[in-house]
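Here the chain labels run A, B, C and D in written order, and each chain numbers its own residues starting at 1.
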C-alpha cells in the first residue's frame, strides 16, 4: 500500500503532463481551424517541455545556479538546456505555421480545413 | 605550404565541415540577394559539401569510424559528430542529390518563385541540406532533433514555394508542418524517455548503457515513440498522408530533392536507433519489428502501389510510389539480418538516385506542357521522346528490370528474404513489382500510344534542367550495372551494425 | 508539502485552460488563453527549479507567440467555424497515444528521486566541472554556451530558417499585387535544348 | 575482353543498325536498305563463329562483374550458336518480307518498327550467347521490352490490350518465378555460370529440385507452358512480320532455348534423371502439347490457329529437356531449328494472304489456292514440316523426340506425340487442302475477281523458307554435328 502511494506520488505529475499533452494533440487532430491547430500544437509541445523539466527535478534541490556552498543539491541542468532550445524551435515552427495560414487565407479566403477541402473537391482534380 | 595547411585543416575538421559549409552558405545567400550570385554560392556549397562527404566516406572506409568532439568537449558531455560505415554511406547521397538539384532548380525555379524571392529559396534549400547532413552525421540524439527541425522547417517552405503556381501547395505545406511537428514531438518524447532511463544523450553512450540495463517500460516507450515519430517523417504507412500532396505541389526541383533525401535520412535515423541504440535484444523490440513494421511495410507496398495505378497526375503517382518504396526499405530493416539491412541500404541509395532522376524528368515534362495530368499528356512520347525515355528508364528502375539500380535493390532484398527463410516475403516483393509495372505502363501506354493532341504547345526546356536530370539518371543506371561500390558500402555498414552476425552474402 | 500543493494547483489550472481552449470558438479569446497557458507553465517551471526556462517560456511563449498569433488572427479570421467533422477518430488516436504514455510512465524513476539515472550520469559532471572549466555560475548558461554550444548554434539556425520561411511566404510581390498566381515574370535564361 | 571479334559484333551490329534506322527515319528506302544489310552482316558475323565452335573453341567475352562471381559475360557454345544462326538468318528473310508487307499495308510508324525489330534481334543473340543466367535474364527482359512496341504497333485499343497481356505475363512470370529461381540458384551455388553437367549438384537437396525446376519452367514464360501461354495468342495483334519472326522464331525460341540451357547447363540431364525432378514437367509438357493442339483446331482465325500450334510445338522442346536423356536434348534442339523454319513459313504465308485478300479466317480461304499457288504451296510444305512428315526437316526432330520417349521409358508420351501429329495434320493440312480443292466461295470473294499473289517480297521469303525445310531434311547432319557437341552425359548413340 505504501509502495502504491509512493508510486502515485512519484508519478502523478507525469500523468498530468500526459493528459495535457493529449489535450493539445486532440486539438491538433480534431479541429479544422488552422490557427487553432497551431495553438493545440503549442499546448502539446509545452506539455512535453514540462515533462522534460520535471524529470530534472531533484527533491530538495535548488535551481542550478552555483551557490558556492559545498554539498548543495542542484536540480539537473541538462533538461533545462534542452528545453531552452526546444522552446525556440517551437516558436520557429509556430511562426512558419502562422505564415502559411496567412497565405492560405489569402489564396482560399478561409482557414477552415473543411471549406478548403470543399474547394478542392470542386476544382479540377489533379 | 598554405595548401598543405588547408588540407590539414580540412582533414582535421572534415566531419563538421560537411555540415558547416551549407549551413554557413545559407546566410551568405540571404545577404547576397542577387539571384545569380545566390545560385552560384548555393551550388558551390553543395558541391563542396559533396566532395567533403566523399572524402569522409573514403576516410571511414579506410580507417574506420571517425569521432569529432564539437568545441573540444568530449562525449558524452559535449556533442559528438561520429562518422561510421553507416552514415558515411548515406551522406554522399544527400549532398550528391543536392548537387544535381541545384543546377536543375536554376532552370526550373523561375516558374514558381519570383526573382527577388529566389535568394530566400536557395537559402532554404541549403538549410534543408545542412539539416539533413547534420541529422545524419551527429552522434547526439538531441542534436538530431535540432537539425531535423532545421531541415523540416526548410522543407515546409520549399514545398510552399510551389504555391505561386498552385495554391494547394500552401495547404500541403501546412499539413506537412502539422504532421512533421507531431512527429518531431513524438521523437522528443522518445528521447526524453531514453534520457530518463540512461541519463545520457550520446548515441554510443546510450547504446552502451542500454545494452547493460534491463529493458523496462521506459525504454520500450522510447522505442515506440521514436518509431512513430520517425515513421511520420518517413511516411511509413499509415502515417503517410502528408506526402502525396507535398510531393505533387512542390516545385519540381524540391520534389526531386526531398524525395531522394528527406525520407531517406529518416530511414537512416530509424536504422540508427533500432540497430545502434536499441540493439533489438529485447524481445519486445524485435517482435514489434517483425509483427508490426514488416506487415505495415508490406501492406504499404501493395496499398500504395495500387493507389498509384489509379492516379491521373504523374507526380502524384510517383509520390505514392515513394510510399510503396519506403515499404521495401522498412521490410529489409525489419528482417533483422545483415543481408536485410544491407538490402535496405542499397535500396535507400538506389531509390534515391532513381526517384530523384524520375521527378526531374517529370518536372521537365510538366514545364514543357504545363500539366502533369496523364489525361492531358496523350501521345506526348512522340513530341518529347527523350524526356519520355528518361521517365521510362526511371520507371523500369521502379519495376526492377535488369540493368537498372532498382533491379539490384530487388535482388538484394529477395536474396535477403530467401536467406532468412522468408519465402512468402520474397514472393510478395516480386509480386508487388507487377503493381509498379501497372502504373509505369499506364504512363507508357498513354504517352507513347495515345492519340496526340495536335494543338498542344510545347515550351522549350532549359538545358539547365536537361543536364542534371540526365546526369542523375546516368548515375542511377551506372549504379545498376556497376553495383559493387554501393553493395560493398551497404554490406560494410550492415556488418558494422550487426557485428555479432556474420556471413554477409552478395 | 506546500510546494506539492502549488505544483498541483498549477497543473490543474493548466488543464482547465487547455480544456477551455478546446471549447472556445472565439479565436481571440483562445489566443489570450494560450498566453495564460504559457505563463502558468512558466510558473510551473519556476516551481521545478527551471528559472531560465521559465523566463524564456514567459518571454517566448507568453510574449512573442501571443503577438504572432494575434497578428495572424488580424490577417485571417477571428472565429472558428462550427465543427463539422467526426470527433471520434481523433479522440481514439489521442486516447491510444495517451494510454501508451501512461503505461510507459509506470517504470519511470520517481519524481525528484536523486538516484535516477538522469541525475547520476553526465549531469554530475557538469555540476562538478562547469564552475571550474567555464567560470559561469549558472550551470544552464554554461552548458548552453559550451558543452552543448553546437545545439545553440543549431537553435540559432532554426530561428534563421524560420526567418527565411516567413520572409519567403509573406514578402511575395504577387501578394502585394493581390494576385494569386500571376504570369511568369522570369523566363528561364538558360539556352533551351531539344527534349 | 574477348577472344573473337565476331562475338561482340554480332550483338552490337543490330543495335548500330537500329541507330541508323532511326537516323534514316525520314528516308524509307535508305532505312529499309540499312535494315536488310544489317541483317546480312549480322548473319555473316554469327556464321563466322561456326567453324571455330565446330572445331571445339568456345569464344567468350566478359564485360564487367555485376555481382561477386557473376559478370555480364558471353560464351558461344553449340546450342546458342545454332539459335543465333537461326535468329539472324531468318532476320534477313523477315526483313525482306517486312519491307513488302509494311509497304503493301501502308503501316504507320515504320521507323519505330524497324528500330525495335533490330533491338529485339540484338537481345535474342544476347540470349543465345549468354555465359550465365544473369546475362541471359538481362537480355531476356530486354527482348520482352523491345518487342512490346512491336506488338502494340497499331496503337488501337485491341493492340494495346493484347500488348498489355503480352507484357504482364512475360514480365510477370520472369519477375515472379524466373528471378527468384536465379537468386535461389545463386544463393545455393554461388555461381550462375552455364557449366556442362550443371551447377546445382551437391548444392541443392534433391527434394527441392522439382521446386526450383518449376520456378524455372513457369518463369520462362516465353516457352508458353500452360497455364502461362495466353500471351502468345494475345501477341497476334501485331503485324504479321512481327508474328513471323518474333513469335515463331526469336521470342518463343528464346524461351525454349532458355529451357534447354537450364536443363542442360544448370541442372544437368544426369541430375534431372537421377532425382526425377523433371517427371512432372514431362506430363505438363505432354498436356500442353495435346491441349494446345485441340484448341488450335477450334480456332477459325488463321493467326490464332498458328499461335496455338506454336504453343503446342514449343512444349515439344520442353518435353525433350524434361525427358532428361540425350536424344531428348538433341530432339529439342533440332525442334528449335526445324519448327522455326516451318512456322515462319506459315506466318509469312498468312501475312501474304492478308496482304492480298485481307482475309484472316480459315473458313474464308476456300479455293484461294488456285489464285495464290505459290503461297499455298509454301504453306503446305511448312505444315508438313511442323507435322513431321518427310521430306521435310521436321521429321528429324519428331523422330528424335519419339526416340527419347522410348529412351526415357515414357511410352505414354510416345502416344501423345503421335496423337498430336494426327491433330496437326487435321488443323494445318486442312488449310491448303481447302484452298486448293474446295470451290471458291462466291460471296466471300466478290470484288476480288482479279485477285493474284501478294507482292513479290511477300511471296519470295516463304518460298525460300519452305525450300529450306526440305533442304534441312537432306542435310540434317549439319545440324546434327553441331548439336551433338552439346555436352550431355550418356554418350552418343
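Here is the rule we go by: a contact is a pair of C-beta atoms (placed from the backbone, for glycine too) under 8 Å apart; a residue touches a chain by one contact, two chains touch by 3 or more.
Because the structure is predicted, anything quoted here is derived from the model rather than measured.
Student: Average the C-alpha coordinates of each chain, average all protein C-alpha coordinates together, and give the chain whose average is closest to the overall one.
Tutor: Chain closest to the assembly's C-alpha mean: B.
Student: Tell me, please, which two chains come out on top when C-beta pairs in contact are counted per chain pair.
Tutor: A-C
Student: Where the CA atoms of chain C average out and where those of chain D average out, how many Å apart are those spots?
Tutor: The separation of the two C-alpha centroids amounts to 70 Å.
Student: Any idea how many Å lie between the Cα centroids of chain A and chain C?
Tutor: Chain A and chain C have C-alpha centres separated by 5 Å.
Student: Using mean CA coordinates as chain centres, what's the chain A-chain B distance in Å?
Tutor: Result: the chain centres lie 28 Å from each other.
Student: Multi-chain contacts only, two chains or more: what residues does chain A have there?
Tutor: 21, 25, 34, 55, 78-79, 82, 85, 89, 92-93, 96, 100-101, 103, 107
Student: Identify all positions of chain D at which a residue touches two or more other chains, and write them in rising order.
Tutor: Residues of chain D never touch two or more of the other chains.
Student: Among all residues of chain B, which ones touch two or more of the remaining chains?
Tutor: 142, 146, 149, 153, 156-157, 160, 167, 189, 195-196, 201
Student: Per the touch rule above, enumerate the chain pairs that touch, sorted by label.
Tutor: A-B, A-C, B-C, B-D
Student: Applying the document's contact rule, which stretches of chain B touch chain D when the two form their complex?
Tutor: 396, 399-403, 410-411, 414-415, 418-419, 426-427, 430-431, 433-434, 437, 441, 445, 448-449, 481-484, 487, 505-506
Student: Please output the residues of chain A touching chain B within their complex, sorted ascending.
Tutor: 21, 25, 28, 34, 37, 41, 44-45, 48, 51-52, 55, 78-79, 82, 85-86, 89, 92-93, 96-97, 100-101, 103-104, 107-108, 116, 120, 125-126
Student: Over in the complex, which chain B residues touch chain C? Could you list them?
Tutor: Within the complex, chain B touches chain C at residues 23, 26-27, 30, 70-71, 73, 76-79, 106-108, 110-111, 114-117, 120-121, 123-124, 127, 130-131, 134, 142-143, 146-147, 149-150, 153-154, 156-157, 160-161, 164-167, 189, 193, 195-201, 209, 216-218, 220-221, 224, 364, 368, 384, 386-387, 460-464, 466.
Student: Can you name the residues of chain C that touch chain B in the complex?
Tutor: Spelled out, the residues of chain C in touch with chain B are 100-101, 103-109, 116-123, 125-126, 146-151, 154-155, 157-158, 160-162, 164-165, 167-169, 171-174, 180-182, 184-195.
Student: List the residues on chain D that touch chain B in their complex, please.
Tutor: Touch residues, chain D against chain B: 64-69, 72, 134, 137-138, 141-142, 145, 149, 152, 155, 159-160, 164, 167-168, 171-172, 175-176, 179-180, 183-184, 186-187.
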